[in-house]
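Each of the next two complexes has chain A plus one more chain, namely chain B in the first and chain C in the second.
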Partner chain A sequence: MLTRMARLPRSFLFPFALAALLIALAACAPAATPTPSTVTLTFYYPVAVPGPITQLIDGYITKFQQQNPSIKVNAVLSGGYGDTLTKIQTTIKGGGTPPDVAVLLSTDLYSLVDSNAVLPLDDNVKAAGGDSFLNDFYPAFLANSRYQGHIWSLPFQRSTPVLFYNKDLFKAAGLDPSKGPANFQEMVDAAKKLTKGDGSTWGLEISSDGIPYWLFQSFVIGNGTNVVGAGANKVTFDAPPTVQALQGFADLSTKYKVMPPGILQWANMPNDFVNGKAAMIWHSSGSLANILKQAKFDVGVSYTVGEKGYGAPTGGGNMYILKGIPADHQAAAWKFIQFMSSTDVQADWSTNTGYIAARQSAYTTQAMKDYIAKVPQAAVAPAGLKYAGAELATHNNAQIQKILGDAVQAVLTGKAAPADALKGAQQQADQVLAAFKD
Partner chain B sequence: MNETTKPGRSPRPSRFRLKSIFNALGLIVLAVIAIGWAIPMIWAMAVSAHPPDEPLSATNLWFGSRPTLENYATAFQIAPFAQYYLNTIIIVGGILVVQLITISLAGYAFARFEFRGQNVLFFLILLQLMVPASALIVPNYSTIRQLRLFDTLVAVMLPFFGSAFGTFLMRQTFKIIPRDLDDAAKMDGANWLQTLWHVYLPPARPAMTAFALSSISFHWNDFLWPLVVTNSTHSRPLTVGLAVFTQLGEIGAQWPLVTAGTVIVVGPLLLLFLIFQRQFIESFLHSGLK
Partner chain C sequence: MTLPPRAHVTRNERRFRFGAAALPYLLISPTLLFVTVFTLWPSVRVLYDSLFLQNQAVQVPRFAGIENYTALFQDPAFREVIASTVIYVLATVPVSVLLALILALLLNRKFRALGFYRLAFFYPTVLPMVSAATIWLFMYTPGYGLVNVFLEFFHLPSQNWLGSTNLALIALIILGIWKQTGYFMIFYLAGLQGLPHDVFEAAQLDGASAIQTTRYLTLPLLMGTTLFVTTIAVVNAFETVDQIYIMTGGGPNNATAMLLFSLWQTLFSFLDVGTASALSVILIVVLLIFTATNFVYTERRATYE
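What follows is the complex of A and B.
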């Protein structure tokens, strides 16, 4: 039977062939070939604070390359922390070569080791002086660097929650503006005096969105314990001090009425604080510069608290060396992360970004002393690291953090009682972690 | 009107009044919706001129005490937006040009030719509509790596040179065109390419405009794929530059800076839409797309 339809003519393929040719031509862009003696490292870094981060990083790299003429570093901005991890995982799964060095969350440790993505740094650390090398880092910042007897990362951009308070409002309420509350009870008492019944000023605002588990950990660590122990396969969500901590968090708005009810947005806290809507907030130490820039009153910085006193988790990113890179790259990568975590770089990085310098010696440098003379509040967070505990980190980290965060939010929105919510969270977490031996 | 119609007898005046009331109500509803959609954009523009050292608050939610371009200066200082602009335009334009060629050819083939495996092939193409682009990142990356295209503009564009949606749209559009026109062109001695060009493409312009708009806005905003396959400034689009402002999880949003970055990124797209507004709306009406 004859069809009215024409057969597909051969010339039909011509445009496709042309397109393919164009692509092939475009692909032949010249690639720079470094001289054989130089090693070119790729360094992925995420951005989590404002400021000219790329310029700062480029500046450090220029300095590093001057000191190490045989090493070139190609710094790649890789979005946020989550994007950076996605980019690296895609590269590994797709059979490509990962970057040599990457800044990832310190809490990504177990997931990275589980997926066989990172190299242990023991030999390098030993060659650099072993414990005497490590001892200069704040111990709290190394809490999520060790696993299975190895050390896997060095701290780079670290922070911790602190309590910001409005000294002017403290004075007006008859409170001592020279110090913040020393424990949960003191914080509640102060907040009661600071809260105005008409809702114009709240005594306290603590965010519970975004990463709700993080600030909640402050309550738990301030209760003298933590939600995670030594093993990366076990959490203590339903332990009595954790339940008590969550009860306290919820009581702030329901029982004491010193905090607005419901879920408070992380991004709005600094705004509410500088506008005088909240007399005290808990926020990242990294917010200090921004708060000082906008506040028209005297800003006090103190520590987050639980029933027994000060307590806070750490936060932020560490530098990892990735697996699957050539041996000469490994040596160069170690030199690079040693440089980036060095006293001078950490001091400069801290004064420019608001991160806490990872090394104690950074606070003895002239640059840092000058900075602290100008901004005395910047000295508070590092001094409080002795009260800090490890940030929640386990296998399948993201999932476990979400389980705890969901439980916290369920209680704060009145959907569940603390004991029930945390019992459920513990069961879910146990299921997720059952597959892991340590 | 009062002279020609007798009140109470003819229904015309009341129906007329009712109609105009409905019209007015409709306009009010539309205006409310339009304002609702416009507010985020208007607010973003206002706040991008907000002094960075003045906090946003319920009483100071817009320009602040003195409108300033400081945020734009900071934004341009933080990210190389000029290069990013160029890259985005090349990426979006390149994808669109190749897409228009491939979808009109493929759509034409599926609409008017008969070949072995036609239905299977078309089914496979339709199946792609169900696969989210993010699920293909790893295999796509793998292909780019093997082609040695990593960190090039072509790598960002390549996975989108074909479009299942566009092929489907063009096929449906071409199918409506009377075959007699095709036959007449053939009789006049036109080959298939000439037929496509002179007979099929002119009436398909609204569909192509509609497709172009959805393609441009998708690729202008795409973030994850370009981030994964590029490493350097010379191959990265605007959205990656915007990430420097939006990923500030640690300290909370710097709204004046974020909005300035956003206005820089979406500004040209907005301008493009305002200029070609009429054509876009007409094309959407014709093609039945939303």
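What follows is the complex of A and C.
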């Protein structure tokens, strides 16, 4: 064997020699670290907002590893939320080992429990202080963490929709730039004054592509109701205040003519806003940093509204521990998600991205206070969490969210009346959810 | 019962006969292996899976017969999927094939900057669909997209192309035609350059006009190319998925949710393996019927050429 290899040209052997060297090095590496029993965690995280997300995450991991020398975290950028969920679900279906920790939508809870993919965190939470540990998290962000008497995830990157408005255009139109509209009627009145008839400036733009149900929930919650709440197998799409909310959404372009007709694209909203094409937009609080960076005017931030006042759903991702990982990994994984949802990390994460810190104590840290002194708009979204309701989350979530989204789009494109569309959506949703007991 | 006259065949002869018989199988075995592993087996498996309920509510597959199929055919959303797929096929196939033929006829002669024109029409083919879709997504943007700037130049109203149920599918059809016409044009150019010269010389001597030559000679002689190109166009149309994912996500209100996109969504978004398998079987059957018909038709035509 050796003699035969010796006859091969040097260039052919080089890769093998290199590989052998690397394997030897890799074999030596663990021996070099002080603790022989290192646990290596795999952590999947999606990127959903612009910014140097990877650098931030890597920074937190370095800090975590310094504090916990026996744990190594392998962070894997796993695409978008949908890709991450798909990767994990197909791994489990195929009999493979899932990552130890993953950031997934808070609303993926029921799908994950249904496919037996995640571990309940009750014992860990109890050991960390039980309710006194949980009470520091904003209650709105824990709304989609509890199911069947268990707690399944900790909030990590959370947001709500907010209303961004152009203070310069407000002043020019004779409106008070110190505050945004307090309810639907005020928003329409302001938008009428802001809209220029030639189409160069619209009073308001609210997107309705991608996940239309999300911003629609702002109208619904602002109308004093919600589309979910009575259980993971129940939705109420066709209640009168919800029909009214959808009518209001459609009226913005058809009756009041303060918004462009048709389906508006989520990705275009910040551009239209910073270019002065739209005087007000509804967008994720997570877009704040990006909008402030680009806008050449004074940006106001307020709350999304319905007829009865402010209202918004929550949004964003939580951290889950996956099932089927070894026991020592479970303990390490809990340490890791506790660290990532800690006050300091959440404060830093929030100031660098625009996500709302998941813990109330994050807003008492010096770093956060300094940031808010500089960017007062960042204080708006967390203060508005008291108006927030639960995001639409049920069993078979993607399908239920699509059913409601389709009804919203059907009405906004003039294909159906709100009452009919929502009644149809309710029937479809009932049919899908009939297979689930609770 | 009589035994075969084995005694007459020597051992060497037998080995030779076996070898001769095995050779063809040996030669096709790599292809056969790949076709079996990557085409036949998945098809059989998908057919099998389509007979089971397996989704978020039913985690352990449960035999359901043709329930997945009956549920699909009763679903109004599936009818919309079929309708938009059929519209897309009927719109993109004839238009892009015809345009490709016209372009090829125009570019199949010598004039200045010929290479530039051929390149200009062919370059959309070289672009990956994902890049093309991203470019067109921007071109269709209300307000500053190129398409609307063009419309406004002629004092036509700006349109929300991807945000209207009536226009979104048309917007995808335009992109589809733009993307594949150049590709088909290349096949026609190759076909035109391979035509026999003698018949055209004879036609010229007989005093046939350019239109007559095209109508009675060029087009019939290009029939083979047309059938080939049409097959590719139809398969392309059924397999449209990248641009939908990037540009519309199937919306607004399912207006652009075509068959393959719907399949992707059912499997990877709704995690409904049973329904997705049934959709796959339907897609396979439709394409098989089309390809078989086309194949038989081509075989028959070939005898006249």
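Throughout what follows, the second predicted complex is superposed on the first by the 402 of 438 C-alpha atoms of A that agree within 3 Å, B and C clash if a C-alpha of one lies under 4 Å from a C-alpha of the other, contacts with A are read in each partner's own complex, and residues count from 1 in each chain.
The rule we apply is simple: a contact is a pair of C-beta atoms (placed from the backbone, for glycine too) under 8 Å apart; a residue touches a chain by one contact, two chains touch by 3 or more.
All figures in this text were calculated on a predicted structure; none of them were measured in a lab.
Determine, under the contact definition given at the top, whether A:K293 touches first (chain B), second (chain C), both, or neither.
A:K293 sits against chain B, while chain C stays out of touch.
Is A:S115 contacted by the first partner chain B, the second partner chain C, both or neither?
In the superposed model, A:S115 contacts chain C only, not chain B.
Have a look at where A:Q399 lands relative to chain B and chain C in the superposition and call it first, second, both or neither.
second
State whether A:T86 touches chain B only (first), chain C only (second), both chains, or neither.
Both partners, chain B and chain C.
Which partner, once the models are overlaid, touches more of chain A's residues, chain C or chain B?
Counted on chain A, the partner with more touching residues turns out to be B.
When the two structures are overlaid on chain A, which partner does A:G210 contact: first (chain B), second (chain C), both, or neither?
Both partners, chain B and chain C.
In the overlay, answer first, second, both or neither for which of chain B and chain C A:T242 touches.
The answer is neither, since A:T242 touches no partner chain.
In the superposed arrangement, does A:N268 touch chain B (first), chain C (second), both or neither?
both
Touching chain B and also chain C: which chain A residues?
In chain A, residues 86, 210, 268, 277 are touched by chain B and also by chain C.
Per the contact definition, I'd like the list of chain B residues that touch chain A in the complex.
52-57, 77-79, 98, 101-102, 105, 109, 112-115, 137-139, 141-142, 145, 147-150, 152-154, 158, 161, 179, 191-193, 223-224, 227-228, 231-232, 240, 243-245, 247-254, 257
Give every residue of chain A touching chain B within the complex, in rising order.
Result: residues 3-9, 11-12, 15-16, 19, 23, 26-27, 29, 42, 46-55, 74, 76-81, 83, 86-87, 90-91, 93-96, 159, 210-211, 266-271, 274-275, 277, 283-284, 286-287, 290, 293-295, 315-316, 354 of chain A touch chain B.
Over in the complex, which chain C residues touch chain A? Could you list them?
55-59, 141-143, 158, 160, 162-165, 248-249, 251-254, 268-272
List the residues on chain A that touch chain C in their complex, please.
82, 86, 89, 111, 114-116, 199, 208-210, 260-265, 268, 272, 277, 395-396, 398-399, 402, 405-406, 409-410, 412-413, 415, 435-436
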